[in-house]
Amino acid sequence: GGASEVKATNDSGLSGKVMIYTSMYDDVIEAIDNTLEEVFPTVDIEFFYGGTGTLQAKIAAEISAGKLGCDMLMVADPSYALELKGQGVLEPIMVKDTGKLAFEYDKEGYWYPVRISNMVLAYNAGKYNKADLPNSFYDFANDKSVAGMISMSNPLTSGTALDTISALKDKYGYEYYTALGNQKVKIESGSVALTKLETGECKEIMILEESVLQKRELDNSKITVIYPTDGTIVVPSPIMSINDKWSANKNIEAAKAITEWFLSEEGQKNIVKAWMHSVRSDYPEPPYDAIPTAEIRKNTIPVDWANTVALREEMRTKFQEAIAAKK
Amino acid sequence: MRSSANKVSNLMEHQKWFLDPKWIIIGLIVSFLLIFQVFPLLYLVFRAFFSTGKFSLEAFKRVYTYPLNWEALTNTLITASLSMVFGVLIAFPLAWLVGRTNLYGKKFFRTLFVATYMVPPYVGAMAWMRLLNPNVGTLNVFLQKIFNLSSAPFDIYTIGGLVWVLTGFYYPYAFITISRAMEKMDPSLEEASRISGANPLTTLRTITLPMMLPSIVAAALLVFVAAASSYGIPSIIGLPGQIHTVTTRIIDFVYIGSQEGLTDATTLAVFLMVIANIVLYISTFTIGKKQYITVSGKSTRPNIVDLGKWRIPITAVVVIFALIVVIIPFISVALSSITVNLGEPLSKANMTFRYWERIVTRKSILSSARNSLVSAVLAATFGMIISGMMAYLLVRTKVKGRKIPDFMITVGSGTPSVVIALSLIMTMSGKFKINIYNTLTIMVIAYMIKYMMMGMRTVVSALTQISPSLEEASQISGASWLKSLKNVTLPLIAPALVAGWFLIFMPCFYELTMSTLLYSANTKTLGYELFTYQTYHNQQTASALATAILVVVFFINWLLNKLTDGEFSI
Amino acid sequence: MSRIVIKDVKKAFDDVVVLNDFNAVFEDGEFITLLGPSGCGKTTMLRMIAGFEKPTKGEIYIGETEVSSSKTFVPPEKRDIGMVFQSYAVWPHMTVFDNVAYPLKMKKMDRASIKEDVESVLEIVHLSQYSERVPSQLSGGQQQRVALARALVAKPQLLLLDEPLSNLDAKLRDSMRFEIKEIQKKLKITVVYVTHDQMEAMTMSDRVIVINHGDIQQIGAPPEIYRYPANQFVADFVGKINFIRAKSENGQVTFKDSKQSLDYSGPVTGDVVVGIRPENLRFISRNGDFLGTIVSKFYLGDVNDCRVDIGGEQLRVIAEPKSFDTYNEGDKIQLRVDEFSVFPDSGDKDLTKILT
Amino acid sequence: MSRIVIKDVKKAFDDVVVLNDFNAVFEDGEFITLLGPSGCGKTTMLRMIAGFEKPTKGEIYIGETEVSSSKTFVPPEKRDIGMVFQSYAVWPHMTVFDNVAYPLKMKKMDRASIKEDVESVLEIVHLSQYSERVPSQLSGGQQQRVALARALVAKPQLLLLDEPLSNLDAKLRDSMRFEIKEIQKKLKITVVYVTHDQMEAMTMSDRVIVINHGDIQQIGAPPEIYRYPANQFVADFVGKINFIRAKSENGQVTFKDSKQSLDYSGPVTGDVVVGIRPENLRFISRNGDFLGTIVSKFYLGDVNDCRVDIGGEQLRVIAEPKSFDTYNEGDKIQLRVDEFSVFPDSGDKDLTKILT
């Protein structure tokens, strides 16, 4: 399979350093890093972990300084990839079996999806009944019984949250923001929201599936995912390589090999271990406690990536005003 | 005293014609500040004005006409001012009780009252959130039960709640600064008041308080700037209730991750810098000529105020205060570090030490701790050296432009961490011949820029208390300026130096925002670890780490206290 | 009422005993001076009366009230005392006016009377023109006068003055002494005064308490102390004196070295020390008590000071300039002794050793 | 070399002029005393010599070096000066020993010699047993002696002493004076001394500079200043004096009120003030210059002080006790004047007014 192919590439004399900025959890990276060391013993691969916002800020600052500190990126969503592509910092890489990719990718090779995050709803099964709670994004914003006790991430700082409000706007219009505002939704980071769910301060939250899954597996948490009846919002996260003009180590060969590896079955196995879904159609295994990827894909709310970039400011502003107005 | 300071300074002016080590050192320090602080920040501000390539106020217009930003500005001013007022109102009497009276358990309280300073604010904020949220806050529920209330008595997600938490976390700045000054005061000045018929309280109000004014103003400044530029607390306490502050808005802009976002963030950050300096200006203006010498050339006997029959009641009040502000949130943090499910009460089944296990088994934690220790120690030490020199320049000389370093240092503190980090990335990664990106150096510098003011202000207020005649006596004994500084001035302000060092060290030790932007594979810090746990959707591990830090710092402090007889501890 | 009773008071700092078995009664309206070498415990005593220091043992009464004892303690502000601190303790953050006005403000007097009183006391200490200055703009003596004015202004029942005039010139000191005495007499207040200046102690006090090493040596009116010192220390400390070792027997004291002798029929016999004040020695043309040679002559302004060798012992003689204008160093002269004291010889080697 | 030249020095704080046109030369090895009322500018002068204060105008030279002027400035630590500050400036964080050892440490002396020197100077100031104490455990006078010891220990070329003995008792003061003089003579150093004590000024100084209101009034050796004061201020300030308004004409001065007169052939004529020191008045049995009545008699320890009315004017007479043991208040007596000075009458109402 793919793994042996990669090994072959490796034997063809890769070397040097590769620095990868990623928003994947440190623990996950540690595992992946160990595997990579075996796969590419001659390449010195380093990860820099940061939240999406932190990384984007760091990258922006580095671009303004004239040089990036990395060679590859595994962060944010396709809209961010589109943006970077536009700024001319990415290197096109043609990978071999793109046919196996179940998700959209850049045909010129500037970015490929490498992991799938799903925006879902979650509640505390130890405290509430699923039946008593909203089961759709729509109800989440309109069911008064949870008013004041719901929470979501900040679209200003989180890429996936922005994608979510973009998708929901396309589906329900800007009224959806007003509805959220009326519900007195709390805007906070995922970790805080999860804690609130545990303590019962919140009844239901809008959150990435992987956060819940991880908590369930590691902490035996009773927090449970609700796949919204009006569709899950699926956010593929891209893998990108930086071109020689901007990259830290000018190691395109290695970057290419690493990209191949991540997209391979072997690489995807590691992604799934990190509670995210695989991008390959031939690797259907879902993460711990999740429903199969295909199941999810049956009912999704699509995100228009180009539009998300284009209307970013407008959506953020509208969202903020809607939320702030109903303090 | 002003006049004496002038006296000294007059001659300083003329000494500069000699190749005096003083001017070399001061020159070095000023150039350091210019290169590593002024230039990056200026560059950032410059970018804000030239966002489109040529000079424009476009960004300013955009940022400052947006109503939400205005709301954030007012919120910041309100919360920072209130925290400042309450912080000083709490810190002053506590400092007095601990420093000048026979309160029971003084030494213990002295350490306890700075404890909140030893945990990262965001961890503490989480604790308060769990205690006082209007839905299921533990304390709220408890009070509801006891007093049979129909609804929760407190809502933490309000301006009031924000001020409460900010005050709880930043009053130690004031406490440390004021208590250090208080302990040095000549007691005969208070005795003169007692004998004039003033009771201890009146004496406190009319003599001690005004004489402590430089320290109080310094303390207020620290609390204000710290509260106004803090991010952790407003983001956790303020945002859920839609209370935006300038810092949360700046972070919003920054994390947009675009060039425009950066510009907007800087543009907004300019406000904080300006505000910090207005406060500095007002404070130096109000105390102006009032620099009171309370350590004179004649030594008087140290004396403490006997609280008499009030001793027990006052101790009781202090205990209650400590319980509410320090103990309860700490216990809450400590307990959550061993709770599996934070939604359930702590029971045997719901208890675990695996979060502790995680922090002690995790590979990188030791090296991160070492990195944090090294960078915090370096930042605190260099920070104090610079603060000390600059404070001397400010208080004891009349050199033209001596206020500029003070101004620069204040700008640094008033700037949100994230902006400092970004400005350093932009300017210190080779574009301008200096490349210290991805080194520990850049972290140390970032920490210094952000926290140096804590040291500077503490030293300035301490220095104004020392009679210049003590330094003159050293000079006339044949000691050069540097030696006088080392042998006389520094030992006399040693408590303030220690306090200042600690005030810089502690926040650097668990610094989060800048660290997460500036760390590299080899320079991970504790702040980075905390950040990971925080976003790792696991408050418990963060709590465990915070508790561990607290315990270690407490232990070291206790040890130093024992070893140095209280000279080198907080 | 400000009769002060000090009963069995002892004061120790840790294990350093500073005052020992202090017993004294200061009568109402009395002017008491504490006199003693530097470090003997004067300031400590004042501070105990004021209530800044608690006695390690013993009791202090002011009027009928027990103010300090193991059981009770009245805080300083309730004792109605005015005090000048040895270190002045003027408040650096207040103008001269405000410093002086402070005790009156504490009494809640109205502004107009405060102004009036402060101005009049500033007049007394010659600081009127400095009332708006802050202490850092004043000279040492000016600061001391601020401290004095502050102690006087509230007309307290009891005044404690710790070397209040040490930094003033003779003229001012004269004038301040006069004012303090005036105030004391007019208000009939009790004053406890610490000074190193014997002239001050002698002219101002009703009674002087001589202290050494924390022990009371003698309590008495000034002439009593000067003329009839209780022991050698007092004799030495209060004014100048010549000590000569002698033997007292058969109604005579005979000097050990010079063998010259004086008639003496007092009670002290055996090995003694004879004390003669320099001004009780006179040059006389004939029938002198001793014969001697002038060793040195020293001009002191209003008096002359000279040393005379009487054959082994040197004596200091102070006299008005005229009386020995005619004599020169080396001249033989006769001396007449007007008054002398006899003390048992304690065996101390150096009879004029300074004790601190 | 420590000849000090002060040339046209003026000092003002903002617009308060404190010293004016100060011109003086202190010769090498000379003992100079600055004498003047509180606030006249003595401390300011010392601070300028030390280099803590810059003259507003004028130059100061130490030896051949111009140390302070508009062009050059030598910092204090390079001037080789020992100084006692009026406020002591002892370092609260150092023991007595360390305080005193400090100047020696700055000279990089070896430990053993430092110990030796410090111990010997502590012996001199009688503080040996306190060497391990910190200043807050010392009495005021003890702290002052620490300051003195610190100034003396390094044997500087120039000593500036600002009331170094003000808080010491008479015995100690005597002994300290003696030691300072000894050191000065032995090392031939220049000493500039500030004191309020005229006795001190008179006995110790080679020359005295009398200052008032920032202006030099007179420079001269002590007897010169005492006996031939340059003006009424000096006469008044240095020692006690009786001033009597008189008319000077025809070889006589005639007192305005009592009409008694003295022979005078000096240069001052017209309205004058006659100054007579109390000790220049003597009781005499006959052929006195004046007739008078004893108004009061005052016991001062070693002398008596009494006031005599000569028919309009009151004169103060100081004499050894014996000389008027026989006279009582109210007695008529005759007075002889031994010496007097005559000054032009400046028209001041109160002739003994205190200037500050």
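For clarity, chains are labelled A, B, C and D in written order, and residue numbers in each chain start from 1.
By our rule, a contact is a pair of C-beta atoms (placed from the backbone, for glycine too) under 8 Å apart; a residue touches a chain by one contact, two chains touch by 3 or more.
Since this is a predicted model, take the numbers as computed values, not measurements.
Trainee: Select, from B-C and A-B, the pair of chains that is joined by more C-beta pairs in contact.
Mentor: Here the pair linked by more C-beta pairs in contact is A-B.
Trainee: Can you check how far apart subunit B and subunit C are, centre to centre, with Cα atoms defining each centre and the answer in Å?
Mentor: For subunit B versus subunit C, the centre distance works out to 54 Å.
Trainee: Please report how many Å separate the Cα centroid of subunit A from that of subunit C, as a whole number.
Mentor: Distance between chain centres: 90 Å.
Trainee: Distance from the CA centroid of subunit A to that of subunit B, rounded to the nearest Å?
Mentor: Averaging C-alpha atoms per chain gives centres 36 Å apart.
Trainee: With centres defined as the mean C-alpha position, give me the subunit A-subunit D separation in Å.
Mentor: 89
Trainee: Two or more other chains in contact with one residue: find those residues in subunit D.
Mentor: In subunit D, the residues touching two or more other chains are 13, 87, 137-138, 140.
Trainee: Residues touching two or more other chains, restricted to subunit A: which are they?
Mentor: If we look for residues of subunit A contacting two or more partner chains, we find none.
Trainee: Give the residues of subunit B that touch two or more other chains, as numbers and ranges in rising order.
Mentor: 3, 296, 298, 300
Trainee: If we use the touch criterion from the header, which chain pairs count as touching?
Mentor: Contact pairs between chains: A-B, B-C, B-D, C-D.
Trainee: So in the complex, the part of subunit A that touches subunit B is made up of which residues?
Mentor: For this pair, the touching residues of subunit A are 25-27, 30, 46-67, 69, 76, 80, 83, 124, 126-127, 148-149, 151, 154, 156-158, 186-192, 194-202, 211, 214-215, 218-222, 312, 316, 320-321, 323-324, 327.
Trainee: Report the residues of subunit D in contact with subunit B in the complex, numbered from low to high.
Mentor: Touching subunit B from subunit D are residues 13, 47, 50-54, 73, 75-77, 79-83, 85, 87-93, 102-103, 106-107, 134-138, 140, 143, 147, 150, 154.
Trainee: For the complex, give me every residue of subunit D touching subunit C.
Mentor: Going through subunit D, the ones touching subunit C are 13, 16, 35-39, 43, 86-87, 126-127, 137-142, 145, 162-163, 166-173, 175, 196-199, 202-203, 222-223, 226, 236-240, 277-279, 282, 298-303, 318-322, 338, 354, 356.
Trainee: Report the residues of subunit B in contact with subunit C in the complex, numbered from low to high.
Mentor: 1-4, 186, 188-189, 191-200, 202, 206-207, 210-211, 213, 290, 292-294, 296, 298, 300, 303, 306, 308
Trainee: Give every residue of subunit B touching subunit D within the complex, in rising order.
Mentor: 3, 7-8, 10-11, 14-15, 17-18, 295-302, 467, 469-470, 472-481, 483-484, 487-488, 491-492, 494
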